[in-house]
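Listed below are the structures to be examined.
Next come two complexes built around subunit A: one with subunit B, the other with subunit C.
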Partner chain A sequence: MLLAFGNFTADPSVNLQLLIGGLALGAIYAVVALGFVLVYKSTDVLNLAHGEFLMLGAYFALTFLISENLNFFLGVLVLLLVMLVFGLLVHYGIMRRMVGQGFFAIVLITLGIATIIRALLLIFYGPTERARLDLLPQGSFEVGGATVRHVDLIIFAVVAGCVLLFFLFFKYTRLGLHMRAVADDIEAAAAMGIDPDKVYAMTWAAAMVMAGVGGLLFGHVTGAIDRSIEAIGLRAFPAAVVGGLTSLGGSIVGGLVVGVIEQFANGHLGTKWREPVAFSVMFVVLLVRPTGLWGRKDLERV
Partner chain B sequence: MTATENPPAQQTAQTYRPSTLQRFLPFIIAAVVPFILGSTTGDLNFWWKAVITVVVLVVVARLAWKWTPRGELTHREDMRLWRTPSDRSWAALTMFGLLVLPFILASDFTPPMGFPWATWFAVVNLVLIFAMGAAAFNLLVGYSGQISLAHVAFLALGSIVGGVVGVQWSGGNMWYALPAAALAGAVVGAISGLPALRLKHLYLLLATFGFHFVMMLVWREYLQEYFGFVGIRFKGENSPRIASWLHWLPGIDPDQNGEFVITGQFRWYWVLMPITVLSILFMVNVVRTREGRAFAAVRDRDVSASLLGINVARSKLFAFALSSAIVSMSGVLASFYIGSRGEDSFNVQTVLNYAIIIVVGGFSSIQGAIFGSAFFWFLPEWFKWAREELWFVRDIDFLSDYPSEIDLAIKGFLVVIILMFKPDGLAGMWRDFKNWLGRTLARSNP
Partner chain C sequence: MNARGLDLTIEGLTVVYGGVTALDDVRIAVPSGGFVTVLGANGAGKTTLVRSITGLLYLHKGRVRRGSIVLGGESILGRKTPDIVSAGVAQVPEGRKLFPNLTVKENLLCGAASRSDLSGIDDSLDQNLDLFPQLRPLLSQTAGLLSGGEQQMVAVGRALMSQPSLLICDELSLGLAPKIVHRLFELLTEINETRGTSILVIEQNASLALEHAADAYVLELGRVLMEGSAAELRGNPMVQELYLGGGGEAHTSYAAIERPRGERRRGRKKPGGDS
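The block that comes next holds the complex of A and B.
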């Protein structure tokens, strides 16, 4: 990275453009990372299927908003409700039985869910790629020689709103309190009369709804909607790790940091360096501070 | 397959010792008969050979069972890899089966209902390559407990070494590339294992996944530097060659110029099968040694293991190096067998495929890796056959419209179902079957 910054001579407007592009990308990463964090925080499951959940959201958005041509707000409502039902389905159908299983077995079962979703989407939607969504305002404006798209600002606002909403939810509602209690110590929480099963179901539903929001937003900025957009799930890992896998606010900061770093690597080193640089940053953060910037530290008893 | 999984030796009143000849005779029969059957041409037709095969199978299994040391065992006898009658019997059967299989598949037999016999040979060879890689993956992830997703990175490393040593330096000499890949895999594997000294579980998984992406960058750079978009070709003038001493094998005719090029499924089988069997036996034996037991101790609780005097750092790095070396070798084999490797040969789906193999076969069992890869490669063949030939499946348009997608969906559902209801996978089912068989046999002739 130092090398990269050492030899760039580009004019400031290019760097400003890269910075803005990085923040826009980072906002998307933050949406995805928020989904990871929600699930990991309360159920201790690393959900490798989140990229597929997001793809599901994008395709459903396509169905409800474009094919069925519903009113925007009604369509979004239907989308989120359907995603909520799917989240409950994932919990009551599959993940409920996996509570208490080994860590890697649960990771593998999320990979299995990812495979199923990918195959079913291929069967029902086919391999042809669709044009990206165009329901949010499409314009852009100039700031100091750099272009800022309206969509990016909206994504940014939605992410910030979601984080704030979840923060208030965890802090002030009864269900949020239950979620925090279960995340802290599931046995003690169960002894206090909290039903962990319900809390887990709500968590999966919330993560799925976040994936629906993410799919709707990502559907506006991706090149085209096809089965390759699931990769966003994996590419958002560095963001989640840098921010700390148990911190809601961390996911937004991590997303922005990783997004900007990736865009600068993209601009100054070339496209192929994007993923390696992002994952190297993650690697360094893991080695220096495994819990991320704001993660919860655990003590281990022997 | 480990020594601890075997049932304790039966303490019968009578001590029985077979002679040395008796101990080895079933295995000698199992080794010799396939070649006799394979070299007789013309005078024996397929069905006679089939009858002889079945008879020899039964005889070999029975003799290996009968001529097993019983009663008070010495320490040496107790430590043998195949100790119980059941172990010895299955070992002899497997040996016979592996040796007779290529001759059966190479025969021009056409089974009824268009059963896809002819395509089986390619599938069997792929199963051999994948079983080797998956078993090494299982040794690392299942047995040593070091969660790693960098598996495919080492397949790519194997392809790079195969490209440099096998193609660029020696023009298709796989025999230099294999040890070179093992060496490179061990060194790079130990480096990729360094995060394991500090990280565990989730964080180790993420760190190794980062390594995957770095390796993919190296792979793409290497391809673009030397080979361009077509990728590396491991066939044609780069086909692997071998010294012509294998000519004595029946069914293999020497090439014109005395050179022996490995092409065609039959020849590949005789290259792949010994390498896979030896490397799997090697892993099964490593698990039984002091180092192997240290792997398990570190997996269960590394702090306690260090209190027992195990060098935890060394043990972890050794597990990574060993597994990566074997995976890199399987990467070389796969490159030369498949014939070309391009930019998109390795992706996240490949990681997923190995995960499917391991889950379906049975987590943390080397046997499971073999079952899993066999299942993974045979399922599409059988599914294709069922779509084309079976009358009650053929009429369902839905199935023939989306063959590969439904294949993928079946695999995904299987992973979920097996993890939910049968976490031991196919290896666990096989164990249950053997137990059931043993109980039934014991009941029928006590």
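The block that comes next holds the complex of A and C.
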């Protein structure tokens, strides 16, 4: 039956290649999903500007690592610091005033932020597309007839490292504990003397830094850097939802699952099936488990 | 070890939510190392009083229109909650309000959020677990899965983690079995006597509160209706009638009998019994 759709094949090397490509794409989705999860978990805001945050990261990577030609590690440091400052700006300039407003009003505000970022990038960088980044190793090697790119392995390692870092931060640091407390019950947290405002500011800063990492990585695997790469935010959305929107580990698994399924749909059914299949997976998961695979079921016994 | 209790003086406190007045010219004093209770039915303004002291009115769009709140000689009115907690005020919120997804230990540690002496936090944890030994084996449990009584102990322990000089308990007895409420009040008395912590207990359960407190206030529709020593109020026929189950209509509020200014009337909720 499937044959009717296109070039379905049982050739193991083709399927292996699709699996590898899917995992690489999934790792990128995981970076983006991690950004969604950070903000949603801690501030209850669904941040539709995260794709734009990531695009901002990619453009800043162009500036600091290509135009300014800084040393790679120094450039990355500057990139992440600038992103951190932008995260604080988003909180203190805009989101802080929205605390306590309705969920949808805040979601619309994030759409507004997305529009502003797109406009600013057009103003300061112009409409021409730029070549993708080439700072990470460009080589590749063969495994079982399939090609594995070095850059994909690096992306994988970086994403795994970030998740581990966040996990340790939330589990073992005081600020991490306070962030989880605010996520659980903002009023109780405030009553304990935790300043929710500070916690939210840190969250936006962390999400923006994560987007800086994402932009740097995605800037290496996208076709070219232009103002359409923000679409990665929407494309990674099923990954975040499948993972449950509140689980750091879930964002990784969700990213990988959706990435692999997308690549197989792409390879066996054709490019036009990629996104419908990805979003169908999201719908099915939501039907079966409305909180996503690892989403939080609030433990409250009253 | 613990800071000595500080005195709290509230005068002329008037609080509004939008156009609705929740507290009207309220005057309450907690002496240093004292044990004071504020009694009142639902809607009397008890929780608003707590929010005013702890600086949390803003979360409910309420604001203080007039009055003063002074802790140990310093005004805390208008200060931010983290400041007020650092100044020595800790609270056990109504309905416990634990962090349900955090463990018992993590909940307790959150109570120490305002402290900068990181090395002293472990000692406090140990001290508080001596008060509630039954929490020791539950430290790594998720707080949302505990029984009501255990949750209330965590809530009290959490408040004590900031080493308060004034501990405020809002409806400690709500939804708990009488035996557990008794035990909690005994612990409050112990904390009051051994640590010198000033205690302000906001309660519907008048008999127990009057038994443990030294002074008492009765709040009705946002105003102080009566005040005096706990013994005096226990002997007052109107208090017996309304709050101690003396008359046949034990659960009727004062408002229901006299209904001043035709204000809304609310029945008194009977404390439930799950533990």
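The working rule: the second predicted complex is superposed on the first by the 288 of 302 C-alpha atoms of A that agree within 3 Å, B and C clash if a C-alpha of one lies under 4 Å from a C-alpha of the other, contacts with A are read in each partner's own complex, and residues count from 1 in each chain.
In this text, a residue touches a chain if its C-beta (ideal position, glycine included) is under 8 Å from a C-beta of that chain, and two chains touch if they have at least 3 such contacts.
Note that the structure is predicted; figures quoted are calculated from it, not measured.
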Item checked: Which superposed partner A:131 touches (first subunit B, second subunit C, both, neither) -> neither
Margin query: Once chain A of both complexes is superposed, is A:177 in touch with subunit B (first), subunit C (second), both, or neither?
Written below: second
Check: With both structures placed on chain A, which of the two partners, subunit B or subunit C, ends up touching more residues of subunit A?
Finding: B
Item checked: subunit B versus subunit C as contact partner of A:224, first or second or both or neither -> neither
Next item on the list: With the two complexes superposed on chain A, say which partner A:100 touches: subunit B (first), subunit C (second), both, or neither.
Entry: second
Margin query: Looking at A:143, would you say it contacts subunit B, subunit C, both, or neither? Reply first, second, both or neither.
Written below: neither
Note to self: Once chain A of both complexes is superposed, is A:168 in touch with subunit B (first), subunit C (second), both, or neither?
What the structure shows: neither
Checklist line | Contacts of A:112 with subunit B and subunit C, given as first, second, both or neither | finding: first
Margin query: By the touch definition at the top of the document, which applies to A:191: first (subunit B), second (subunit C), both, or neither?
Written below: second
Next item on the list: Applying the touch criterion given at the start, work out whether A:122 contacts subunit B, subunit C, both or neither, answering first, second, both or neither.
Entry: first
Notebook entry, point to check: subunit A residues touched by both subunit B and subunit C?
Noted result: 302
Item checked: subunit A to subunit B touching residues, read off their complex -> 46, 94, 97-98, 101, 103-105, 107-109, 111-116, 118-120, 122-123, 231, 234, 237-238, 241, 245, 272-273, 275-276, 279-280, 282-283, 286-287, 290, 302
Item checked: Residues on subunit B engaged by subunit A in the complex (per definition of touch) -> 141, 147, 195, 198-199, 201-203, 205-207, 209-211, 213-214, 216-217, 220-221, 301, 303-304, 348, 352, 355-356, 358-359, 363, 402, 405-406, 408-409, 411-416, 419-420, 423
Note to self: Applying the document's contact rule, which stretches of subunit C touch subunit A when the two form their complex?
What the structure shows: 54, 56, 59, 80-82, 84-86, 91, 93, 95, 97-102, 106, 109-111, 113-114, 118, 142-146, 148, 151, 158, 162, 175
Note to self: Under the stated contact criterion, what part of subunit A meets subunit C in this complex?
What the structure shows: 100, 174, 177-178, 180-181, 184-195, 296, 298-302
